[in-house]
Amino acid sequence: METFIHAYSWIDIRFLLQGLWVTIYVSLISIALSFIVGLFLGLIRYMDIKKFRISAIVGFIIDLIRNLPLLLIIFFTYFGLPQLGIVTNPVTASIIALVIFEGAMLAEIVRSGISSIDPGQMEGARSNGMTFGQAMFHVVLPQALHNMIPALLSQFVSLVKDTSLATIIVLPELLYHAQIIYSQNTTYLIPMYVIIAIMYFIVCFCLSLTASYLQKRFQN
Amino acid sequence: MWQIITNNWSAFLMGFWNTILCSIIALFFSLILGVIFALLEVAPPKFGRVIARIYVEIFRNIPLLVIVMIFYLIVPRFIVKLSGFQAGTIGLTLYTSAFIAETVKSGINSIGEGQMEGARSNGMTYIQAMRYVILPQAMKIVIPPLGNQFVNLIKNSSVLAFVAGFDLMYQAQIIAFATLKTIDTYVVVGLFYLILTMPLSYYMRYLEKKFAN
Amino acid sequence: MRKNKRIILLVVSLLLVLTLSACKKDEGNTYQQVKRDDAITWGIRADTRLFGLTIIRTGKIEGFEVDLAQALTKQMLGKKAKANFVTTTANTRIPLLKNHNIDAVLATMTITPEREKQVTFTKPYFPAGSSLLVPKSSKITSVRQLNDQTVLAVKGTTAVDDVHKFAPKARVLQYDDYGQAMSALKAGQGVALTTDNGILAGIAQENPGYKLVGGVYVNAPYGIAVNKGQKQMVEHLNQALAELKANGIYQKLLDKWFKGIPGFNVKEMN
């Protein structure tokens, strides 16, 4: 018990909170960007653009990314992008990797979400004089997004958890900071894992709660 | 790039084999655990429901890497010695089982109350009705989403690299260091992963379409 | 029409590949670049006591190599020059150097012939050597006893080859950094942790239940690594290092970090 009290000294907690902040910061940016990317790619894939076989090519790239481990994509962005002249640091490399990976996962959710809407809706809106874009953004997409909320949010929860993988390229996030603390004082091993498990749980659980709250609100 | 493959063939193969082995073991046990917790969650007793809920929420909201680290660094000190491969596989099993429990639960819920009532009024017990009427239908519905969980499981098995589990990703890191051809090595490893995951996810998409009609 | 589209597609993708490969940074001259920027970006460690360790209270990295990097930067480029630091691990430092994320690696990096194919080293700045760390109760006294045992090491170090020279049947498990490797040793995942004596001395200092055994079984002096063929950079680094040794700053840094650490004679290291 005494170990726990010592381990949770203000200095250690502050250090962990700094890590937690990086986790949240990287997660929020990645969630925002990957949502935009996912929406865009999902639409392209759904629209089945025949010109230059765009949809087919985009679809294949999405499938490739979806079927690779995130860890590998993190390595590619950290070690590979600089070879193309884009110098990355752990923060940008992690964000780019997360946006690529989660963007592809979200694109698939968006595609199946739009597909689940009755095609009659689109036809109805078009026959009322709307353009494809208007019908998509004012009629089909809002309904589709509503259906997608649970899947989207659980993907966002995954994203938050996945930031922990970036310890491998020394992103100074929560798990990495905990590892620094317990590697300097190994008696803190258990207290550290207890508290970071709780911290991750709180962040992710809050996201899950938001999901069910949003869903209920939309239903009314 | 070809040289990397030929020079390190046995290392790649060992990693490939360990990734497959870990995935299959984890899939088997997480299916069993997942179905058990799903059944607990839909069954009438409140106690079981609470337990299942807590289990699912814990393992869904904590990063896999943290779970695996706990099994690798803490459990061996107090309970039982676990190698990196074992700790990784156990962590992966528990983590995936929570997702499978959620999937199976929603499958069971989608079957509808009427079926259960019908089976019960024909003299079946709750367990019989679940076993012979509800579960077989539910499992059929959830096969595509379960397949996606399996793809995720294979990808997630790369956390074994953190605990010296000798999986594909671990071998990749070692080879990348030894040859200092970082990108080429990771491209090769990416191909190995795609060999496992690509056919599976295309098959699942095919099944999804088939069931939808 | 269809054919035309295919040709356009082909041309576009070819152009894309060409621009991407053209973007590939040309090698350039590291010395001219650091002189122009008046700053050197060093790859250092953050998990190694005495060499480079994150101080939890401040979040800053402190250690012998950090101080040495500061001193070298000022010696080379003048008092106002800035030393920037990027945390590396053993398995990220060479890719980062090749990718120009960092200008030089000062991160407990042993000079080996294999690495010299990829990077260029300065003269040694620290006379390290491989050794073993075991629990105090352990019966192991030499690296030769490690046959059929599990040994722990860090990815991207020379430890695997070194151990196998003396104990060919040893099983080696490798981790991403020393913190993880030491945690694994404490969890009983292996019987010994092997790496350079300087690093192990730092670990032993903070873990009283552990001791160094077996002496130095392979000499592994550390050098500063720069990108392959950066002769001018290496010459200036060597010169700065010699100057630091001559004016006593190097000795002062050695004393600051290694005086009183068991197994080190700071006088002998010069």
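Here the chain labels run A, B and C in written order, and each chain numbers its own residues starting at 1.
We adopt the following convention: a contact is a pair of C-beta atoms (placed from the backbone, for glycine too) under 8 Å apart; a residue touches a chain by one contact, two chains touch by 3 or more.
These numbers were taken from a predicted model, which means no experiment stands behind them.
The central chain here, found by comparing per-chain C-alpha centres with the mean of all protein C-alpha atoms, is A.
Each chain gets a centre from the mean of its Cα atoms; the one farthest from the centre of chain A is C. Here the spacing of chain A and chain B, counted between their Cα centres, is 20 Å. Once the centre of each chain is set as its mean CA position, chain A and chain C turn out to be 33 Å apart.
For the pair chain B and chain C, the distance between mean C-alpha positions equals 37 Å. Across the assembly, chain B contributes 73-74, 162, 182 as residues in contact with two or more other chains. In chain A, the residues that reach two or more other chains under the touch definition are 79, 83, 167-168, 189.
Counting partners per residue, chain C has 95, 176, 180, 183, 186 as the residues that reach two or more other chains. On the side of chain B, the complex with chain C involves touching residues 72-74, 76-77, 81, 83-84, 162-164, 170, 173-174, 176-177, 180, 182. Partner chain A is touched in their complex by these residues of chain C: 5, 8-9, 20, 23-25, 46-47, 49, 53-54, 56-57, 59, 86-89, 92, 95-96, 99-101, 176-180, 182-183, 186, 206-207. Residues 11-12, 15, 18, 52, 78-79, 82-85, 87-89, 167-170, 179-186, 189 of chain A are the ones that touch chain C when the two sit in their complex.
By the touch criterion stated above, chain B contacts chain A in their complex at residues 57-58, 60-66, 69-70, 73-74, 151, 155-159, 161-162, 169, 172, 182-183, 186, 189-190, 193-194, 197-198, 201-202. Of all residues in chain A, those touching chain B in their complex are 63-64, 66-72, 75-76, 79-80, 83, 157, 161-165, 167-168, 175, 189-190, 193, 196-197, 200-201, 204-205, 208.
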